[in-house]
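Pasting the structures in now, so scroll down.
Shared between the two complexes below is chain A, which has chain B as its partner in the first and chain C in the second.
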Partner chain A sequence: MQEKVNTLSMKSYRSLGLAILLAAVLLALLAGSVWAQDPQPPSDDEVNKVAKELYCPVCENIPLDVCPTQACAQWRELIRLKLSQGWSEDEIRTYFAQQYGDRVLAAPPLQGFNWVFYVLLGVFVVVAVVVYIRVVRNLRTKPAAADAVVQDEQPAIQDDYLKKLEEELNRREKSS
Partner chain B sequence: MDQSVDNSPKTATAERRSLPTWVVVLAFAALIAFLALIGVGLRRVQAGPIVIGQKVPEFSMTSFDGKTYNLSDFKGKVVVLNFWASWCAPCSQEAAELEEAWRYYQPGNEVIFLGVDYTDTEPEALSYLAKFGITYPNGPDLRTRISQMFRITGVPETYFIDQEGKLAYVKKGPFASLAEIQAAIENLLN
Partner chain C sequence: MLANFGFGALIITFLVALYGIGAAIYGGVKNSARWVESARLAMLLTFPLITLTAVSIIIMLVTRQYQVQYVYNVTSDTMPLYLKITALWGGQAGSLIFWSWLMAAFATAVTLRKWDRDREFLPWVIVVSLITLAFFVGMSIFVENPFERFWLSASGREMVAMFQPAGATPLIPSDGRGLNPLLRHPGMVIHPPMLYLGFVSFVIPFAFAIAALITGRTDDRWIRITRRWSLVAWIFLSLGLVLGSRWAYDVLGWGGYWGWDPVEIAAFLPWLSGTAFLHSVMIQEKRGMFKRWNMVLVIVTYALVIFGTFLTRSGVLSSVHAFAQSAIGPLFFGFIGVTFIASLALLLHRWKDLTSAGQLNSMLSREALFLLNNLLFMLILLVCLWGLIFPIVSELFTGQKVTFGPPWYERITGPLFAALLLLMGVAPLSAWGHSTVKTLGRAMWKPTIVSVAVLAVALATGVRSVGALIGFWLVGFVIAITLYDYGRAIWARHKRSHEPLPVAFWNLVGRNRRRYGGYIIHLGIVLMALGIIGIEMFQTETQGTLKTGESLSLSGYTVTFRSLAEWNNPDGRNIARAVVDVSKDGRYLGQLAPRRDFYFDAQQSMTIPGVRSTMEDDLYLLLVDWEEFNSNQATLKLFHNPLINWLWVGSVVLILGMLVAAWPDQEPDAAVQRAAQKASGRVTAD
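And now, the complex of A and B:
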């Protein structure tokens, strides 16, 4: 009888242990699935980092991160949504440009006709640097050149003066 | 001899001041290109909006459900092109009336309504359409091409295009009533 009771209690312990194990596994699975479905939502700083490089066409010249309109608030929420879906910053910017046009971007993308602006900018920079270097060189060499001119001109001035003086003396001598 | 001595420093200074030919050519080329760009920009800005009686250029719109609508598909019909946005409060004032007008004219197959969603986000736009039970084709203004073509100044704005594809009437701001929409359409149908 006692043996029967022992066997029964052994069985119940085993089933209890199995139930606990099963519950633990289920709990771990559930917890795992909860973590997978609820990632950390993007912070305002992360949203604004993307938003500050975008401009809403409705409120021109105001970056999206500081624009107070409802349209811009909706755009920021869209950025948050895209970030939470794992989109990169570049992907989001590209999406906004495709949806609303290149004018929403802070800088025109390097494609098509936009290349002209970048090439022209480069040309202007090169020309400006060359002109600057030449002006600086001229300024450095100018004082030396000016001195040379003064030195060359001085004897000529003195010669003229002496010549006039001699002429005047001669004239006075003759008249006296 | 004195003259040659006097002129030599001036000549040297003049030589020092002159820029290399390639720099001058490049500077002029850049300047001309820059002016050309300004000219193109000015021409685009001064092109102005489509005026009443002018033929509306071809455009296409892909609706939120993925169907593409071309203006040329509606030749012989009156097209009511409404620009709206979910963030625009006055747009919601006319939304129900526009839907009512669409339902009134849909069986006759003489009038087509197209809704162009201006700089909006899709989730909010879809909620807006669901909220007002709008059934006529609506889609985003991708890259703001359609709104730029019409040079809209805000939303809501509604453009009525006649059976010949010419712009017939423009309503800026919301419609006050269904009767106002009907009156604009009836003028074109008769």
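And now, the complex of A and C:
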């Protein structure tokens, strides 16, 4: 009898242990899935932070966070979903660029034909600086004597001119 | 009937313009005053003629003649009268007529000036003005005819044609589609005319420059004649840009004033080259230098004026395919190409005649600093132009468009604008001809100390952003130097003539309007810069969905949602309007009512923000979303825009300065010439 009870209790304990193990595994799985998701959905501000740096693929030059079209509202919800799934901002930007092309990015990435843009932009700046340096170098290589003449001469002409002009204007003012 | 009348007047305008071009060329080449006078009268006639065309369109717009396609596209029964009138520039075909109308007005104004001493310029000024006018009028006749009407063919097919096709009957829609809602705003009513006035008035300095190149009279006479025209053009262009910014702030609903949109940039480009030109011509007047450069600048400005109109009118911005399919795009492109190449060819032809009379003697002289100023303006222009056209180039070669958003432009142009602000402070204190670090330092040290105090205040109030600190210091620096320069000159007058200070100020400005008006313009620009620094570096935003009684907070402000109402207005709008309470640091400030207007005729909506404005900041509130049949909840977006109103205050100061600088002198030009001639044989006005 005692043996039967023991056998029964052993079976019960074994079942109980099995049940606890199962429950623990289920709980762990459940907890895991819950923890994997943010209990709070991403806020509008978090969504807009990402959307602000993306451009509406349909409208011209309008950031996604302020574009009023229905399509853009859906894209903002897509950003919310991706954020809730744990995607980083960079991953979301890359995803949009792959889906809709580089035009959704705030500036063309340094790749392919876009190099033409950046290289030529650099050329513009270099040419402008070179032109300026040439003018300045020309200025520095001029003989000092010539400088002195111009320095002395120019203000005198201007002062004299302005003085005479002022006198003429005063005369006209008085006569009228 | 009215459509035929207006179209007829347009054709006559075109023919008269062509005649004027021919007569002016013949008169110019043969040196025949009779033919030149005939061409002048032809140019004079274009304005009343095209006025008939413009007035015909306005009457059709006001009297709801929807059988005319243009009227159908831009008006509707529910639109108020003033919007029906201003719908003249609300669509492509009408805006081209409006452009031509303004161009004819300016051409007429040029015609009526005294030509005694500049008779040789006249035929070529007529040629350039009338070629520009004829191009735009020709576009209206052959490509974008605003008088085309709807017809119903015998087989029941709808058609659009100028004249009644055989067997067709007139088709008269009962109502129009209405103007784009975004254009139904006072800012947008005034903005295009200002911009167009700026565009067309830059044609006049260009016409004189070309006349100078053709006639070989390459001294600075053309610059002196067009000085005021250039300034007037710059005034209108600046006004157009400022009004456009204000419109964007009030209507577009994204909390900003400038989005680096291609259309904005297209209007900004001639402003950049025009501003460089306004500074550069002073060097030619004072020192006889940069004659070639001034020619380049005025040619570039003219090309950019036409290019800006081309960009916004050809559809090229939306797609190169749209451009290729449109008739207007290639024509514009051809016109820009031909005029630009012809102008450069003329410039090269006169290259040797345009040598500088003076030379740069000092890196810190006024002219050297102006050269640097020009370099910076042109760099900004190149960056903007390249950013504008590269998406088109990319689409053409790869089939893929790219975007250049505001952060990209701000990153590149920000330091260049900062350098311009620095020059704006330093240049007025440098002397023409020669300046040294010592002389400049002596002139600058007092205002520099004041500007460092501004920097200290910014640091003390918690500003830590390096960009913002540099910006605030530059603002303080330019304001201090400008006021110091004013103060010094007023005090000198007061001491010398014993004039009371206000009288001394009045006389000082009156005697040298260009210089002191220019300084007021500088003050306006730095105040605008203050607003721009505020919004660009310190703007914050938040968004949330609120139930009745719930609140959202941002930068000390608390917004509490109270109610939402949605109704159909008798003027053809569905309005959704939220009411919120606003408080700051616990103190109740009042209510705001952001709304969304949906226009039934155009099937388009418009977001109108609720704004609480102070000189310190704006609380800018948008109604983003709401649920139908549920007035207890709404999604609101809040922007806190610090210092933004200084942008508008600065704009007003800018306009004031421009009026001072452009105000006609009391003294006749001849007196100035005589005084100049008496003063020195070397410094002559001609």
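Assume the second predicted complex is superposed on the first by the 93 of 176 C-alpha atoms of A that agree within 3 Å, B and C clash if a C-alpha of one lies under 4 Å from a C-alpha of the other, contacts with A are read in each partner's own complex, and residues count from 1 in each chain.
The rule we apply is simple: a contact is a pair of C-beta atoms (placed from the backbone, for glycine too) under 8 Å apart; a residue touches a chain by one contact, two chains touch by 3 or more.
These numbers come from a predicted model, not from an experiment.
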{"item": "First (chain B), second (chain C), both or neither touched by A:T69", "value": "first"}
{"item": "Chain B versus chain C as contact partner of A:N61, first or second or both or neither", "value": "second"}
{"item": "Comparison of chain B and chain C by chain A residues contacted", "value": "C"}
{"item": "Contacts of A:F124 with chain B and chain C, given as first, second, both or neither", "value": "both"}
{"item": "Partner chain in contact with A:D45 - chain B first, chain C second, else both or neither", "value": "second"}
{"item": "Touched partner set for A:G101, first chain B, second chain C, both or neither", "value": "both"}
{"item": "Partner chain(s) touched by A:I133 [first = chain B, second = chain C, both, neither]", "value": "neither"}
{"item": "First, second, both or neither for A:N114, with chain B first and chain C second", "value": "second"}
{"item": "Common ground on chain A, meaning residues reached by chain C in one complex and by chain B in the other", "value": "101-103, 116-117, 120, 124, 131, 138, 142"}
{"item": "In the complex, chain B residues that touch chain A", "value": "2, 5-6, 9-10, 12-13, 16-17, 19-20, 23, 26-27, 29-30, 33-34, 37, 85-87, 119-121, 123-124, 140, 142-145, 148"}
{"item": "Contact footprint of chain B on chain A as seen in their complex", "value": "56-58, 69-71, 74-75, 77-78, 81, 97-103, 116-117, 120, 123-124, 126-127, 130-131, 134, 137-138, 141-142, 145, 148-149, 152-153, 156"}
{"item": "Touching residues (chain side chain A, partner chain C) in the complex", "value": "43-45, 48, 53, 55, 60-63, 66, 68, 73, 101-108, 112-114, 116-117, 120-121, 124-125, 128, 131-132, 135-136, 138-139, 142, 146-147, 150-151, 154-155, 157-158, 160-169, 172"}
{"item": "Of all residues in chain C, those that touch chain A in their complex", "value": "253-255, 259-262, 286-287, 317-318, 358-363, 368, 371-372, 375, 378-379, 382-383, 386, 390-391, 393-394, 397-398, 400-408, 431-434, 511, 541-545, 605, 607, 625, 635, 637, 667, 671-672, 674-676, 678-680, 682-683"}
